[in-house]
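The following pair of complexes shares a single chain, chain A, combined with chain B in the former and chain C in the latter.
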Partner chain A sequence: MVLKRKVAFVDLTKEKAVVEEIPVELRKMHLGGRGLNWYYLYNNIPPDADPLGEENILAVGSGLLSGFPALGAGRAQISAKSPITGGVGDSNMGGAFAPQLKYAGFDHIIVKGRAKRPVYILVKDGEIEIRGAEHLWGMDTHETQKAIREEIEDDRAESMVIGRAGENRVVFANVMNGIKNSGGRSGLGAVMGSKNLKAIAASGSIDVEVHDPENLLRYALEVDERARSTKWAKTLGRLGTPLLYDVSYTTGFIGTMNWQYNTPGEDGSPLEAENLEKFGVKMVACIGCSVHCRHRVKIREGKNAGLTTEGPEYAAAGAFGTGVGIYDWEFVIKGNAECNRWGVDIISMGTTVAWAFELFQRGYITEKDTFGLKLEWGNEEAVLELARMIVEREGIGNILAEGFRKAAEHFGEETLYYANQTKNHPNLLTDERGIPSFALGIATSTRGADHLRSRPGIDLFQLPEDVLESIYGHKIVSDFTAYETKGIMVWWHELLYNIVDSLGICKFQTVFNSANSPKFEDYIPLIKYATGIELTKQQLMEIGERNYTIERLFNVMNGFSRKDDYPPERYFREETKRGLPFMKGRKLDRERYERMLDEYYRQHGWDENGVPKEETLTRLGIERPRMNFPEIERAVDVRKR
Partner chain B sequence: MSEKILAVFPELCTGCRDCEIVCSLRHLGVINPERSRIRVLRDVFEGFELPLVCLQCEDAPCMNSCRVEAFFVDERNAKIIDYEKCIACRRCIIACPFGVNFLDPVTKKPLKCDLCEGDPECVKFCSTGAVRYMTAEEYNREKVKLSSEKYIEAIKQEER
Partner chain C sequence: MTLSTRCLNCRKRFEVERNQEIAECPHCGSKWRISWVDADQPKVQGPA
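Up next, the complex of A and B:
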């Protein structure tokens, strides 16, 4: 067995750490990455913990296969109790951090307590060091990473860092690596900020041992070639995620002017994916990825001439585009670049700003509140300035930086109706009203409204039912406007995406937007050749179920139940006004939604209130939380600087 | 001369480091880019990716500098280090004018591309053709073609 990888438990208050080998038994139960992060957090975060308090715990994990040459397996997972939702806070990050963490000798870093001064953690060749970060405090995310490399004289070091937003504890602050890789969702940058933790830097040259190198190389090439030869991956490698924009705006499922509309129609044509190409320099990739879906872009002329950056993604075309009534790639690039430097989640920022704009339109916010800023649709300057005010917590920005619920205490309870969220978590600029499976996905996601926990992208293709049955192992209704059987579909994708996040594989290389991409059974040989752990498809799915149910339990312990599993109320009340005939005039049907939710709970073995049943916990081997964070008394002093 | 070499096209490199990963896997059975015989110089903040690998020089300074005859040339004209004979003096690392002989942090011996017995692992995994296995003549022709395309593009821009 080659699995000798380590977890470090770091107590920032005491500046001590314990290093342990991760038992193989835990791997078989949870794999790594997201699954193992939540094993540690579920057991050790007390239910009444303040997300921005000392007792919250931050887990950083490398996927079981992160660093292996297949399927974009270079991904890291960052998790803690979320300051936005008060429940599961969890985000998956691409880039280069996770492999470096492995070469530094660690798979997981679990951080508790709060440092007395700004610090960063350096893990290098098996050693842990806590270093002062006073001189880094105030720097943006890019400057911080460069400064760390310079300071430790190591240009291959990779860091995950926070920017101004995290320092200021903006509840949707993110964690960044490189130019644009982010642990974007759930506000984990604010958690780091609350711990006075500016960065975790990793570097090293420790071997990652492999069970069967020869077969791994053979199989990795085979499965990787399959994944990248799908039409989806090929187009993604050329246009990036903006390719999704073309279908969503022509069909009519992209939130426009804060979801008052479901597409900008013709006005939105400047944001078509091909129009981004004139800014393109080349396509670049995360470590271990052959799809290379990200643009390096350069603005060559005009007032932003000279700006070179990476991105933007489809989500940014919503956040700094349709959501606020702006249809200009140059502006999207600019807004995207600013958010990445500030270290703030572009999706949450866009959805929050769009909400403020609608409140301005309806008179809940006036120029008096904004220091004269006119929050009018299409006003580029107002969008960027409001975003900056949120990051710096100036004026009305200080209110919006607290998230929808707290802000609504200020603007009036009724303004929550216009906030596109579930569990207080801002949604991506997609309009799910006409697509019940997507709506169920954002509503039941353990981290609150989000597309990457379960979205069955292929539902839109209306595949033949025999094809669907061969994928899902159940009869699934082909019609994407249907509610029946979609609970099972969402359940299947929840398990799949959990496995993918626990392995460190990219979601763009699994069944998400392409039915031909790899799925459960295709990971089994990878796991075997990489680690020696042999699993059946059923066992692998059960790990996904176990991991997902643990997250659900964490939310239940923190007061969540069925009442929190509904999409925005607006989706039930207002019909879509635009789009193709099958997307126009659509809203969610309450009764059919309830039945879909029931079906989803049944599939999981949860009761009608969404609480996992005893028999389900027994079947999955989930025990009560144990508080098994190692005794810090037997910890070693870390090196301090 | 028709032996193949590793030909590098930096403009096509995405920085995924698959080449480094699979090189260490193939030669050492572990994943460790710091022990790879091909390296990608990458700085996302400056915006460049540059694969670095041995060019298999005809008159190879590394081989010429070796005092213990640890180098041999195989039938593919690859200059290969015999690690049984190598005494880890690192002269060949110093001698290489391109800095593409690397130091193995574990064995302290040089790491130099051996062309994987004519089936380079890095080439198989490179999805964009940034690293290719071709003759020097083919490489030269391809480079001339690419630079003339750039030249023609520049002329067109000028005319516009």
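Up next, the complex of A and C:
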């Protein structure tokens, strides 16, 4: 077995670390990345831990296959108790950090405590060093990465860093690598900021041993060719994720002016994906990926002339576009670039700003609150200035930086109705009212409202039911406006996306928006050839189920239950007003939603309150939390500077 | 080679002539502006 990889437990308070080999048995239970992160966190974070306190633990994990030639397997998972939700905080980051972490000799870094001064952790060729970061504090995410490379005289080093938002503990601050790769969701940048941890930098040249290199390369090329030849991947490689905008604004499921509308209609045509191409320099990719879905763009004229950056993604077209009534790629590019430098989640920022604009429209917020800033739809200056105020915690920005629930204590509890969130986590600018499977997905996601935990994008295609049965192994209703069987569909995607995150593979290399993309059975040979671990499809699905149930248990231990598994109340009360004929006049049916939720719980083996049953835990081999963080007193000192 | 794309209204696939910029879905009558990912792959860009 070639899996002799390491996990480092770092205590920033004591400035000590323990390094252990990850047992192969744990790999067979959880794989790596997201799965193994949550094994460690479930077993070590006390339920009453303050997300921004010393007791919270930050886990950084390289996917089991990260660093191997396998379907864009270059992804890292960053996890902790979320300061937004108080439950699972979890984010998946592309770029090039995860492979470097592996080449530095570590698959997982588990960080607890709080440093007395700003620091960064450097892992290099098996060594761990805690370095002072006072000189980096205040820098944006791009400056920080550059400064670290210069300081350690290593151009190959990759860092995951925080910017001003993380330093200021904005609850939706993110973690960044490169120009735009982000561990965006859950506020993990704020967790790093609370630990005085500016960055984790990795560099190394330690070989990653491969079980069967010849077959791994052969099979990786074969499955990559299959994934790359799908219509989805080809379109993604040309237009990037903005391609989704064309579908969502035409059909009518993109939140507009804070979900008062479900599409901007014709007004939104300037944001069609094809119109971004005039800013294009080229398409680029994360390490190990052949799709190249990321735009590198340059604004060539006008007030922002010279701005060169990467992105924007579909999410930004909502955040700095439809959500605030602006239909201009140049502005979206500008807003996207600013957020990436500040180190703040674009989705959460956009949804929070859009909420503030609607509260202004309705009189809950006035110019007195905003120091004269007019939060009026389409006001570009107000959008960017409010975003900056949030990052710097100035004025009303300081209130919004705390998230919806705390901000509503200031603006009035009734204002929460206008906040598009579940579990207090801001939603992507998608309007799920007309698509019950999407609505269930954002409601039950362990990290709160999100599109990347279970979204069955292929539901929209209304594929023949025999095709759906061959994919899902169950009878699935083809009509995407139906509720029946969608609980099973969401369950299946939860397991699949958990496996993908645990392997370090990109979501765009799995059944998300293409039925022809790889799925469970296609990953089995990759795992075998890379690591020597042989799994059946059933065993792989069971790992996904085990990992997902552990996340659910973590939330249950922190007070979550059925009451937290509902989409925004607005989706039940207000009908959609625009879009294609079948999408107009749609809202969620409460009774049918309840039955869909019941079906979803049954499929998971959870009780009617969403709590995993004892028999389910026994079947999956999940034990009570052990609280087994290694005895750090016995550890050797890390190198310090 | 038959070139086709999916209608956003009825969700059925329909054929498109190479380089065609506007197309009507024969199943539901919706009219779409068509863009081309490459010479062989059309997609709906938006309503015509």
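Simple rule for what comes next: the second predicted complex is superposed on the first by the 641 of 641 C-alpha atoms of A that agree within 3 Å, B and C clash if a C-alpha of one lies under 4 Å from a C-alpha of the other, contacts with A are read in each partner's own complex, and residues count from 1 in each chain.
Following the convention adopted for this analysis, contacts are C-beta pairs under 8 Å (C-beta built on N, C-alpha and C of every residue); 3 or more make two chains touch, one makes a residue touch a chain.
Keep in mind that what you see is a predicted model, and the values were worked out from it rather than measured.
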Chain B versus chain C as contact partner of A:152, first or second or both or neither: neither
Which of chain B and chain C A:580 touches, first, second, both or neither: second
Chain B versus chain C as contact partner of A:482, first or second or both or neither: neither
Which of chain B and chain C A:239 touches, first, second, both or neither: second
Partner chain in contact with A:26 - chain B first, chain C second, else both or neither: neither
Touched partner set for A:49, first chain B, second chain C, both or neither: neither
Touching partner for A:251 - first (chain B), second (chain C), both, neither: second
First (chain B), second (chain C), both or neither touched by A:274: second
Comparing the two partners chain B and chain C, which touches a greater set of residues in chain A: B
Chain A residues within the chain C interface of the complex: 231, 234-235, 238-239, 243, 246-247, 249-251, 266, 269, 272-274, 460-462, 580-582
Footprint of chain B on chain A - complex, ascending: 67-69, 96, 99, 102-103, 142, 145-146, 155-156, 178-179, 205-210, 213, 216-217, 220-221, 224, 228, 281-292, 296, 308, 310
Touch list for chain C against partner chain A, complex: 6, 8-9, 11, 30, 35, 37-38, 41, 43-47
Touch list for chain B against partner chain A, complex: 11-12, 14-18, 21-22, 25-26, 28-35, 43-45, 47, 49, 105-106, 121, 124-125, 127-128
